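Take a look at the structures listed below.
Here come two complexes built around chain A, the first alongside chain B, the second alongside chain C.
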Partner chain A sequence: MATQDIEPGSEQMLEKDTRETLVTVVRHGLLLLWSFIVLFPLYWLASMSLKPPGQANSLPPDWIFLPTVFNYLELVQQSDFVGAFVNSLVMVGASVILVLLIGVPAAYVLSRYDVPMERDILVWILSSRMLPPIAVVLPFFIIFRELNLFDTRIGMVLMYISINLSLVVWVMKAFFDGIPETLEEAARVDGATQFQGFMKVVLPAAKPGIFSVAIISFIFAWIELLFGLVLTSFEAVPVTLFVYSFIGSRSIEWSMLAAASMSMIIPVAIFLIAVNKYLAAGLSFGVVIKE
Partner chain B sequence: MARITIDDVTKRFGEGDESIVAVDDVSLDIHDGEFMVFVGPSGSGKSTLMRIVAGLETQSEGDIHIGDTLVNQLGPRARDIAMVFQNYALYPNMTVEENMSFGLKMSTDLSEDEIERQVTEAAEMMGIGDLLDNRPGELSGGQQQRVALGRAIVRDPNVFLMDEPLSNLDAKLRAEMRTEINRLQNDLDVTTLYVTHDQTEAMTMGDRLVILNYGEIQQVGTPLECFYRPSNQFVAGFLGSPSMNFFDGTVEGGTLRADGFDFDLTDRMQTAVGDRTALTLGVRPEDISLHDEPTVGTEFEAVVDVVEPMGSISYVYLQASNQDHDQTFIVETDGQRPISEEQTVYVDIPADDVHLFDAGSGETIHQRHSGKRPRSRSRSGCSRSVSNPATCAVVFDSQSVSGGSGPAISSGYSPIDHACKSPTTSCLPCRPGGYC
Partner chain C sequence: MSTPTQTETSNSQGLGRLSDLWNEYLPYWFIAPMVLVMVSITFFPGAYDLYLSLIEEPTTNIFAAEFAGLDNFRTAFTRGGAFHSFVITVTVVVSALALESLLGFFLAALVAGVDDSSSIKSFYRVLFILPMAVAPVSLATIGRLMLNTEVGIIPYVINSATPFASPAFLSDMPLLTVILLDTWNWTPFMFIIFYAGLSSVPDTLVEASRVDGAPLWRRYVHVIIPYMKPVVFVATLIRMIDLFRTFGVVYGLTQGGPGTATQLVSINIYEQMFINNQVGVAAAIAVVYLVFVIAIANIVIAKVGFEGVWD
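And then the complex of A and B:
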């Protein structure tokens, strides 16, 4: 009897082990497949940017080739590219700083104070993202022209702020909601003014959230193309527009396009890897904050 | 150290007809160095009252004095207080040392060295000297609690405010920290306001209790005063675990007719009752005796509904045999007494231990006996394991042993000692509530 009791148990154990192994194998297989789907276009782009122009678009592709930085050298020798790159850095950087300076205090006030019609204000802020950009691009063009903002860096900075403000306010409001009010009360009891409490206690506690919205705002503005296309011509051209310029009406300069695209991606990728931990913490909307 | 005076303070949230009164015309005098506990159920206004004292809420009406200073218009930073919050409210981005020194940096002109010295001293006192470089997220709940206390004491404030500081701890740690806070308060002798909904904390920690309900003070007094001489039915039911049993009844010719039994009112009770006809009788579970057979003649029959063994004691839930409605009451018996569900027992409610309340207002109209006296329980035979083998009576000073029936709040007595009045002569120190 005892033997009979044990045997079915061992079989069950074996089955359980097999099932677990199978689940692990399938899970890893799916993850590998997904990684391949995500990373292959990047690999394709990178390899294309490292091939000589004639070889970049050859079919079947040359899987084994001698890498060259020719395309990159060509790129940096074009003053337009450097100008556009600097333009983008300056405009996007300034817009991120300004959108944080406006959005974070706004989110804090909406989170902590009894603001009349708070919900309406929040929906109004969000409404700026409710229409597809193509629907508002023409009105923006007319407004920019009337206000002499067309093809100016200031104009593009304002444009980027309008794109990102709703994101910053909504995400940061959720983040501040997750930070206990007792922290500020403790600071006030400890002798801090309300402003000191905000600066010394709340803001540092909200750092992961601020980092994450800063990064996302940067990316949104960095990759923006449509408004750059319509609202700039020479002076304030962003780097996305320069990349786009390699797509001509008759031919596409694939290797240069790939090199320019990589030049856009690499700084953002390095930046993202560096601040990855803040991004993860920030996107969890404050739940990782421990008291 | 400072005395706190609360004069006619009312706090309303909202405006007009939709306003909610959280604190209703409260007046209170908290003595210098006193440990005052605000206790009450959720929504009773105890936390709001403390937050008003802290300056985190502004009262709608009334005045608050800390020491001789009227602090109505002063913010928390100007009140020289320190507060421990329920969730500790430690600054997550700062180390323990930075948390503790934050208040000193904000509110004093002390040098860095002096601040460091004081922080180290306070940390040693709280046993967290080796945690100074850690961040709050790296600490256990108990350690965080110690840091929160350390952050409060390092500032050497006039008043400590503690808002349910132990409610996030497990039972064992809570008991430890209770003792710790008591010790600290004794050592530092700082006026302390402590908010809790836990009556055990209230009974064990406070010099005096303020029992609140619906924003109104129900009773102010020492823990034993409130326990033994409750001013109304709410206080009687709130303090004590399990709660006091209440039986509604009508008075007919010197007898209270409750659902399922009659209770003969003593002369003193009848005098207190006057011409009232509707009363509520209150008696604590530990004061009721159970017998297997009728002995003294005043018992009534009841059937055991549920038995909850707790170890040294058991809680027996009973229903009177002759009752019209399903009303259950609780009796505390010795844990080793054999008793089972469906068993029929005879219940004796000792007249000396009975409280009577006005059925309409809930005000106390008759208090139980207090002072040195043989317990009715021993009369019914502790030796038969009917109830606690060793029970305690409370000894009050001579001024208090008046036996009057007025509300306890006006009696002005003070318990000075506990003494065991049971067949067992060697007792452990008495528990609050009067048991060994």
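And then the complex of A and C:
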């Protein structure tokens, strides 16, 4: 804006300049308004988790208070919470590793080979995302009881894989499409097998894609409630179910509930910020990176 | 001396044959696990839901099952309230999708227009994705904390700062509350994809339309949005699919109530199965829901098509 020199006496220029200033002011006004809408609920939850239990619900609210980690300490002493948190970390983590092992090689094949009916296969893969989880979990609830997989971490890992496989295949196919084939051809000329070419040349080049899709898969599994609700009762309870049963308890300890929710949100928020550059590519199933 | 050498040779031959097999059929090894898992999470549940919906008592022994015809479907759509829950679901999906798309696009356009040199641009971009970090069940927590008629901050502010009496959000307007909470949660999804799409529109294209003297809205409708059509299409499609999966926020917030005011199809199925113990009815609704969602998604895909998305 500063590049537009205003010549003395040029009213038109001056008018344009005021208009641009006005646009800028309105733009930032609206953006600040949305920033407030985004931040206030998060601030409120965080502040409630940092208030001593008796002070959490006082109205008018105590805007100024002495923050305390009391609620978090109480929470960590609850073996239910720690167990659920660890469960979620282990189950979601394992599911992400497995879904990458299953999905990334498949995406590579779909990207590099002439697979018959490729479009139909891709839509079929996407359709696994269209199936409502409740319709998927019903049969698995019955089968898991037969197979003794009910309320086990293994069973939950399998279900978490089902949420993310379509995402991994689609995004990674798009990433592989963007890596020139000449790279592998050069490696093959040097005597590498197709597999070695994939491991040593293609995978390193696709690292950002793998990284972002891993984190997005982690998030989608981490926030999932239904599978925990239906398929676990005690041993394999995920942290979402812990928070849910907390809401359901008769006498709600608001500040503890806030602390439990915050400890679920913080790791995900850090992940989101870490991959924010690749988020669009991952969330759009790989469509955006083609631009 | 010679024995170990021989063993080594034969060993490497055996391994060599294995590795030949591995290399020759590499694409098959690579794609097989995915196909296996995909079959077991698509065809299997669909077929099993159908099976459960057609029999009297749930049993894993197919030969002992008693065929029930369409009884379960009839029950689902009479006493089961299936129709009502479909209406609720479609209402939530359509309104939330519209709100999230429009708001997401508007915010993306606002941020894209911020001066490139200012660091505040990336500040907005990062800040606006934060609501996605909130799991649906945590969002339900936030909703219950802030909207509670006795201790919630929002009713308090409305009562004390405006002349109006605050509505009881969760009992007077539960559906709207659910839609607005979901909008807060998932507008970032649309924002981040639209923002990336807008950033990919070449400056020359925008400049050219500006020189034409076209008003702002026409520039968007006729130049910018058509250019990023694949992005708009995919973002909307995926968000729509995910909206049909909604469960956690509503179940944590209202459990489908008050009454059945927010009883989404997914909540209806859950309750038929685990509260009423009506496995057949639950499966019948699940089958209809499956077909319904896949049909809608495929109609959208066929109508708009993946042109520009693929090749």
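Heads up, the rule we're going with is that the second predicted complex is superposed on the first by the 255 of 291 C-alpha atoms of A that agree within 3 Å, B and C clash if a C-alpha of one lies under 4 Å from a C-alpha of the other, contacts with A are read in each partner's own complex, and residues count from 1 in each chain.
Just so we're on the same page, a residue touches a chain if its C-beta (ideal position, glycine included) is under 8 Å from a C-beta of that chain, and two chains touch if they have at least 3 such contacts.
What you see is a predicted model; the values in this text were computed from it and never measured.
Engineer: Is A:Thr152 touching anything from chain B or chain C once the two structures are fitted on A? First, second, both or neither.
Structural biologist: So A:Thr152 meets neither chain B nor chain C here.
Engineer: Is A:Ala187 contacted by the first partner chain B, the second partner chain C, both or neither?
Structural biologist: first
Engineer: For A:Leu30, is the partner it touches chain B (first), chain C (second), both, or none of the two (neither)?
Structural biologist: second
Engineer: Tell me the contact category for A:Leu45 with respect to chain B and chain C: first, second, both or neither.
Structural biologist: A:Leu45 contacts chain C only, not chain B.
Engineer: Look at A:Thr68 in the shared chain and tell me whether it touches chain B only, chain C only, both, or neither; answer first, second, both or neither.
Structural biologist: neither
Engineer: Name the contact category of A:Val201: first (chain B only), second (chain C only), both, or neither.
Structural biologist: The first partner, chain B, only.
Engineer: Chain B or chain C: which reaches more residues on chain A?
Structural biologist: Per-residue touch count on chain A favours C.
Engineer: Residue by residue on chain A, keep only those touching chain B in one complex and chain C in the other, then list them.
Structural biologist: 193, 290-291
Engineer: Taking the complex as given, what residues does chain A use to touch chain B?
Structural biologist: Touch residues, chain A against chain B: 180, 182-183, 185-193, 196, 200-201, 204-205, 207, 289-291.
Engineer: What part of chain C is in contact with chain A in the complex they form?
Structural biologist: That would be residues 19, 22-23, 26-27, 29-31, 33-35, 37-38, 41-42, 44-46, 48-49, 52, 58, 60, 107, 110-111, 113-115, 124-138, 140-142, 144-146, 151, 153, 156, 160, 184, 189, 192-193, 195-197, 200, 230-231, 234-235, 238, 241-242, 244-245, 247-248, 251-252, 265-266, 269-270, 273-274, 279, 282-283, 286-287, 289-290, 293-294, 297-298, 301, 306, 309-310 of chain C.
Engineer: Name, in rising order, each residue of chain B that touches chain A in their complex.
Structural biologist: Listed in rising order, the residues of chain B that touch chain A are 54-56, 75-77, 81-83, 85-94, 102-103, 106-108, 136-137, 144, 151, 155, 161.
Engineer: Under the stated contact criterion, what part of chain A meets chain C in this complex?
Structural biologist: Contacts found on chain A: 1, 27-28, 30-31, 34-35, 37-39, 41-42, 44-45, 48, 57, 59-61, 101-103, 105-106, 108-110, 113, 115, 119, 122-125, 127-136, 138-143, 146, 161-162, 165, 169, 193-195, 219, 222-226, 229-230, 240, 243-244, 247, 252, 254, 257-258, 261, 264-266, 268-269, 271-273, 276, 279-281, 283-285, 287-288, 290-291.
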